[in-house]
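Below: the structure, in structure tokens.
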């Protein structure tokens, strides 16, 4: 099969690292991720501040709406990733080059930091502390009668959650977007809405099913977790590697899956 | 009529058992069912953990959404069954060969086990015990003043529920998907949504109408019930045959129905 | 005008009584009505059993969904009536022959009985008694301090409700389905959804506006009322004629209406 | 590139200041903004007067609906701005001339005043005082045990909120409307709905995340803030510049963003 060298060249196309268009497109990723971090974290805070008995449900619904809209806004410029997981999966399945994926992931991380800074500028110190800037936490330290104690989720449990949920995310929604025939069939709004709804659903599941106070729910987006961790530091760094390793493992599993299923189905 | 030998050959086409394409396509069934089991069971747990007065309603709505999305994701690869009931009904109505249906059902059962394992990896022991891993139970054993007692549904009642609900499921939604003229008319998203909504509706009805604590609602998907039973065992095995016999009987009834109605209406 | 003898022959075409195709198509009506009765009655029971403050709303919404889906499932086989009212109205406006309508209505009545039997097989005795198998009641007998008393709606009021609501149903939704130009314009899904929503709306109005305990809401489908009455008997027979006479009068009124409006609008 | 002088001429086209068509179109902006101010402010008041625990949620949902409808109503006449922010951003990205934008902004300010006058005509004095006519406040003066005190948000925090939220608004929704290829792809209703939903979402976030009594939430529309300030005066003027400076800075940032991303993507 002659296609292999071509797609290999395509995968490692270093020249895209020096392409102005790639860097300009990555601006959409940067601002998209910044807005995503700002919006998701304020939604988390707002949902819990609102006096409702079902903050998880409201939060998940609003996150689904925000992600749908941001994907629609960035899709025509950069392809609408705003998540290192999607960029990596797109590179693994040959949709974009590894170089472009690297530039995008860099932009997403910078965007995540900008978003966390923007959030810090508008919330007061007490809210910032209560919600850890809306960051990805495995555990938090709370005062108790016997001095401060650490509550939260076990690292192994959190890693499994990251792997399983990210695979669910990739299998259930991203595959639809990557399969061009499907995407054309469903239309852009539908594809973006499916991705948004799946993320919202997983957020709902992961925050309620563990029922572990201190665990902020599944990350599924390392750039989103990096920002608050860099800005606020402290306990946000403990177990932070889980939010990178879990999604990365899921991306490899997803890439294997797309290689194993009948190949004529993708990229048509 | 000369069509019969052809369709008989088609039904028993053993060669598909050795076709690599069938086994690769069955991967979509495997992962689809794994994600389905993980998602449905976490949704059940999440809905009851959320402090709401209508967990059945929320649960049913989310299940409808999940099934719609998973059918959309697996449809172009394997045909989108992720349920032994649909594979069997498709074989009975001549849409797929019996061999392919057998491979799919095997993959679905393996997927169901994987999903149950994934679930076990992320929930703590107490939640696992309370919800029986989200498995299909007829009865549960609860402690009482006079020692442990068995509460739940009578086996005959559960069997009737399986038969009636699976027939409702096949008659009300799968028929639309199998009738190619209808499917083309409605579009893929609509067909998948109808199936998802019917399943959600039946889950809502079957969990509330019996009002029997200990009964986990109608199964309508043996692969979904097998996984938790194998992983957790115990009382999940009592009456487990109901979740296989009921849907099988409904499949036979549905096949008879499709043979009796004017035949030019199917497969156009 | 020469068209009259033709359409008269069409209306009274006795030969359809002996057509196998008509009887086979009526199977879809039979199973459709059976599923309808089972689904509607379990929805009514589920909605009241759920601890919600708005059972009427949830019930009406779910009924709208069920009817939409069942119409979609039976439309390509039998035309999608699953209600003697629609079969009668279709015969009166010349869409189907009187013979076919008679076969369909017979099938619907048998289906209604099957659905009631299926319901009886799965609910426990207490639920069966509380909800009268989800049947159409004008009055119920409740125990009180002074012995059992009859509460409910006056027969004349119920008859007027049946006539007005069935006419509203025919005028507001069935007319759209019968006018072929409209139906083509809206598409099949939309037409079925409009019928479902109108039924749901009328159920919501008729159960809340009368606010009479014991009255089960407007029937608008005699086959649906016959099943539970035959299976359970007792007070379900008192005033049962209302659920046949009311819709029949509305059908006559609707037929007059379609004759009076400019005729080029129908059957195009 | 020859396009630049053309678009420069287009941007500064003074002749549009004397075009009757522009002034007539601005009437849609005037009445659109008047209705917007009246509707948004009455929604704010109604939501808080309603005895619900989640006034923010209801308010945000209703605002999203109102904005969607008003954009649909004014789009075919003036382009559907009803917000100086959109007019300015449209001028910066070359969609309309600066002259037309100036006329529109003038009309929007007059509309905002009319809307505030209409509101004053219908609410009683007490409600008017409690809600500051639904105007944009940073701080309010409340009586306390130690005499009247000023409570609210710090000016710098409010300015950051205006800048970040307006950029989010422009990046997430207005960009979709300005990119003609996207707009055609999504359809007009969808574009207007996206804008409405994003505004609703930001209102929800900005009112709950700050949790600062006295702060009325992010303005994102100077014309909306000007009306109540002119009619009611007083503390509505303190920090009023924030509601003009913030959105203006965001417009400049958005214009830079649209210049930096690959330019062939806009205006196709």
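Note that the chains are named A, B, C and D in the order they appear, and that numbering of residues resets to 1 at the start of each chain.
One rule holds in what follows: contacts are C-beta pairs under 8 Å (C-beta built on N, C-alpha and C of every residue); 3 or more make two chains touch, one makes a residue touch a chain.
Note that the structure is predicted; figures quoted are calculated from it, not measured.
Annotation, subunit A versus subunit B: rotation angle of 70 degrees from the Cα superposition, expressed as a multiple of 5. Distance from the subunit A centre to the subunit B centre is 30 Å, each centre being the mean of its Cα atoms.
Rounded to whole angstrom, the centroid-to-centroid distance between subunit B and subunit D, based on C-alpha atoms, equals 49 Å. In terms of their C-alpha centroids, the spacing between subunit C and subunit D amounts to 50 Å.
With chains as nodes and touching pairs as edges, the resulting graph is an open line.
Taken pair by pair, the chains that touch are A-B, A-D, B-C.
Looking at the complex, you find that subunit B touches subunit A at residues 21, 24-25, 27-28, 31-32, 35, 38-39, 42-43, 45-46, 49-52, 58, 62, 65-66, 69-70, 72-73, 76-77, 118, 121-124, 127, 188-189.
Listing the residues of subunit B that touch subunit C in their complex gives 53-54, 56-57, 157, 160-161, 164, 167-168, 171-173, 175-176, 179, 181-182, 185-186, 190, 194, 197-198, 201, 204-205, 208-212, 257, 260-262, 265.
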